[in-house]
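Listed next: structures, encoded as structure tokens.
Paired with subunit B in one complex and with subunit C in the other, subunit A is shared by the two complexes that follow.
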Partner chain A sequence: MNLYASKDDLIRWLDSLLKEHIVIAPVEIQGQTMFQPISKAESCQLSAISNTVLSPKGWFLPPTETLFSVKRDDGHVELVPTQVEQDAVLFGLHPCDARGIALMDKPFLQEPSDALYRERRSRTALIGLACRQAQPECFCTSMGSAPDDSSNVDIMLTEVEDGYIVQAITDKGKTLLPKGLKEYKGKVPAPPKLQTIPTKEVVSAIKGLFNDPYWEKLADRCLHCNICAYVCPTCYCFDIRDYADKEKIERVRSWESCQSRGFSLTAGGYDPRATKGERLRQRFCHKLLYFPEEFEDVACVGCGRCVRDCPVNIDIREVINSLKQVTEAKSGS
Partner chain B sequence: MDKELTQQIRDKARSLLEEGVVEGVIGYERASDGVTSRPFFVYDPSDTERLIFDETCAHNLVKYLMDKKGKKMAVVVKPCDSRAINLERDKVFIIGVGCPGMVETNWSHKSETWQAKCRSCQLFKPVVYDFLVGEEIERQAEEETYSDIAEAEAKSVGTRREFWLEQFGRCIRCYACRQVCPGCYCPVCFAERLDPLWVGIRIAPEENDMWQTVRSFHLAGRCIGCNECERVCPVDIPMSLLNRKLEKDVKELFNFQAGLDPEEPPPFATFKKEEIMEFEK
Partner chain C sequence: MGLDNPFVPYIATLKASTQLTPDIKLLSVELEDPDSRANFDYKPGQFALLSAFGEGEAPFGIVSLPQQENGLEFAVRRIGTVTRALQELEPGNTLGVRGPFGNYFPLEDYEGKNIIIIGGGIGMAPLRPVINKILERRNNYEDLLIINGARTPQDLVFQPEFPTWIKAPRVKLELTVDRGDEHWKGRVALVPDVVKELAPSADNAIAIICGPPIMIRFTLARLRDLGFKDNQIVTTLEAKMKCGLGKCARCNIGEKYVCQDGPVFTLEQIAQFLEQP
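Showing the complex of A and B:
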């Protein structure tokens, strides 16, 4: 059943959620929208059409976290794993970001699962917000999602005049629904139409393009920064390092990316992906070939963040279109 | 004006490639948003028709010359970018552009406002070039007063520290600032050295602080003010405040501005015997 919540109802609901949960919602910081834990309902900004600067993946895989620490005291050694303390609600997720979390689940929840990710994931409810407008960089419908896709959230919100349609999608969602909402009998607004790109064709052809000169050419303008990987809702590579002093040892995990020079460098100095083209190819092959081979889906949700934020306009939609052309040219010759 | 500059750049690029003077030309083409521009590498004379030049061509292309070491390349260079050219001149053909000023751009948007660096830029022609287009370009420049720096300097150490920790707190260590910087050419960046370990892998204020501070101080006297670091930062850290503070200090202490005279080494890359004496006194 579709329920209706006015904007005031929504504020009251957020306030009640805040009593027992950490609520992570889009907030505005110096002109940018970011997912952050909020302390009062009014901080939540649901009106931004653009996706947040960083995707909400950081709630489950933080930019940096201590996996465990070791305390040393007079010859006695104690291992202290990091605990997830509180239930959380991720509020106002666009469908692309919710799908991003569903894709992150595949590597992190397959056995042996990642303990901290699993804990955070099972204790977090996802409340989605349908997109009523699309940005020029959006292409979720070409990546298995849609602006009104509710399949990866516990509760779905759709903005209508003066309020929101509220739908509980899962049992977890039902338990979180605010009480006293009336039924919504109006029409559910149609989602915006989006551009399409030939993802499927390229996924089935990309294996044959591994040694194509296209990659080095594309990499000419690539700066090999980590922006695309860090803003991406599905890039999940990390580095691990131990920090130690006299009292304490900590094992720390931080985001890392296949675009950085040190990522594939091995002891002795050999780098299997030494050239710019090889590193850039890894990014696209992981998304369009290796991830689908292992987990069926393409590791891209069409949120458009990498398109929007790349300083030199390496546009994955253009890459996919170009790869299709390269394939056609090859099969035609 | 843009059309004229674009045509002259295309013509020159085509003749350089056709005559075999260079292997490739690094210039600009329209980005996929249809509004802004992006770096463009041309190897085939027929692709020169994709080259453009307008008020969105902000990227400093000099950085790419490091990737193309050993190849003879031509590069389109604005006056500010030209200050970064610090290499074997005979390996590079510089297509200099008299610059009308660049506007603020974001993906699929361009504003009417000039970038801050352009408002006070006194350099209308590149400091070095082999071929110049747009020689006649002149524009009104404001005087660089460093008023924002003076304002920041007047604040207490505690206030400044708080401000910067908040700014650096947003840093995600994507290193776009380093990757785009024409002055960042260390074969292994201090941030990636393990022995000695200067800075760890934590993406957190206490380590971001070390990264950002050393990054800017390592460029003291070498930063040419192209402000590419700030332009590409995905979380809008105001790096120009730090960079221009250092620029101002180097100007006052050494009467030096980086890259204006290609023959003169930066103050921290040279020393005179007298200076040691003075220091010991």
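Showing the complex of A and C:
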């Protein structure tokens, strides 16, 4: 059943959620919309049309986190793993970002599952917000999602005049629904139409192009700034290092990107991906070939953030189209 | 390594640290918890991640065989910060162990075959348990040819074990170095050239290779010249690695994860992803 919440109902609901949960919601900071833990309902900013600067993946895989700390006591060593203490609600995420989380689940929940990710994931409810408008860089419908896709959230919200349609999608969602909402009997607005790119064909096309000069040519202008990986909802490469000072030793995990120089450089000096072309090939092959071969889905949700933010306009939509053309040219000759 | 958190290593104690070459030490390690120790089962080719707490973690092939009296052994070459810290540990010091990870050499499948083992430098490390396993079940295999190369004579890693190896029936050990010294009377040649010179037959044979990438690359070519098919050539790959769990996405070689799908691969599986000679 579709329920209706006025904007005031929504504020009251958020306030009640805040009593027992950490609530992570879009917040406007100096003109940029970011997902942040909020302390009061009014901070939540649901009206922004474009996607947040970063995807909300950081709630589950933080940019930096301590995996465990090392306690030394009289020569004896004890390792103290980080624990996840509190339930959370990730509020107002778009369908593309919800799908991003569903895709991250695949490697991180695969056995042996990633303990911190698994705990945060099981203790966090997802409350999605349908997109009423699309941005020029959006292409979620080509990547298995849609502006009104509710399949990866616990509760779905759709903005209508003066309020929101509220749908509980999962049992977890039902338990979080606010009391006393009335049924919504109006029409559910139609989702915006989006551009289409030939994703399906490319997964097989890219197989034959591992040693193609296309990659070096494409990477020529790459600055390996890594912004594509940082803003991406499905990029999950990480680094692990030890940090030590007089007081403590910690093993810390942080985001990394396969575009970094030295990402795959061994201590002995060998680097299987020493050139920019090899690294950019890794990025697109991981998303469009390796991930689908392992987990069936393409590791891109069409949120358009990398398209929006790449300083040299390396555009995954163009890459997909070019790979198709290169393959067609090859098979034609 | 708790079942619950695969990033938390087993606490272990360094039992002994033996200098094998000027830059390689053999570390004998014992897990602190008796149950974990009893359950730590592994096969030749598998690896573990060793932690020097405060410096970090790095992957190493396990060079011992299970149930061996010296316990878990690793050959660590001093090459970066973690390996330096591991080499500086003294017996009694604490380190971390995560593993065993990865696949292994399917040695049962090689029974009844001639085995050619080709190792360069520290690349002999993961091959040592292969040799010892074959020697343990010597009658199940045909001829064993070991070609071992190193930069200089003193860089040949497992020299104290050579006499034991060649005492076994139908074993040939061929040594070669890049640069000899005043005592060296053996070969001064590159491994691929020795392979060419000795020309082992590809008939009913399996070649197992590990060494620096450049050695692997040219040795593969020589083996192919000798008629070895890509499914008769097996290698174990080194890769930068952080998690060992197929998650950090660092050790991809093409679509394979070295930590999960490897480190042992037939050339058939990875030829496309190696640089062509």
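By our rule, the second predicted complex is superposed on the first by the 330 of 333 C-alpha atoms of A that agree within 3 Å, B and C clash if a C-alpha of one lies under 4 Å from a C-alpha of the other, contacts with A are read in each partner's own complex, and residues count from 1 in each chain.
The rule we apply is simple: contacts are C-beta pairs under 8 Å (C-beta built on N, C-alpha and C of every residue); 3 or more make two chains touch, one makes a residue touch a chain.
The shown structure was predicted, so the numbers you read here are calculated from the model rather than taken from an experiment.
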Side-by-side fit of subunit B and subunit C on subunit A, or clash: fit
Which superposed partner A:I227 touches (first subunit B, second subunit C, both, neither): first
Partner chain in contact with A:F210 - subunit B first, subunit C second, else both or neither: second
First, second, both or neither for A:R241, with subunit B first and subunit C second: both
Subunit B versus subunit C as contact partner of A:V252, first or second or both or neither: first
Partner chain(s) touched by A:G268 [first = subunit B, second = subunit C, both, neither]: second
Which superposed partner A:D309 touches (first subunit B, second subunit C, both, neither): first
Partner chain in contact with A:H286 - subunit B first, subunit C second, else both or neither: second
Subunit B versus subunit C as contact partner of A:D15, first or second or both or neither: neither
First, second, both or neither for A:R317, with subunit B first and subunit C second: first
Subunit B versus subunit C - smallest C-alpha distance in the overlay, whole Å: 7
Residues of subunit A at both interfaces, subunit B in one complex, subunit C in the other: 239, 241, 256
In the complex, subunit A residues that touch subunit B: 29-32, 53-54, 63-64, 136-137, 217, 220-221, 223-227, 230-231, 239, 241, 243, 252, 254-256, 260-262, 276, 307-309, 311-313, 315, 317-318
Complex contacts: residues of subunit C adjacent to subunit A: 2-9, 11, 51, 53-58, 77, 79-80, 82-83, 94, 96, 212-213, 238-240, 242-243, 245-255, 272-273, 276
In the complex, subunit B residues that touch subunit A: 31-33, 36, 38-41, 59, 63-64, 67, 107-108, 170, 172-176, 178-180, 192, 200-204, 231-232, 234-236
Subunit A residues within the subunit C interface of the complex: 67-68, 70, 75-79, 81, 107-108, 110, 112-116, 210-211, 236-242, 244, 249, 251, 253, 256, 258, 263-268, 270, 272, 282, 285-286, 289-290, 293-294
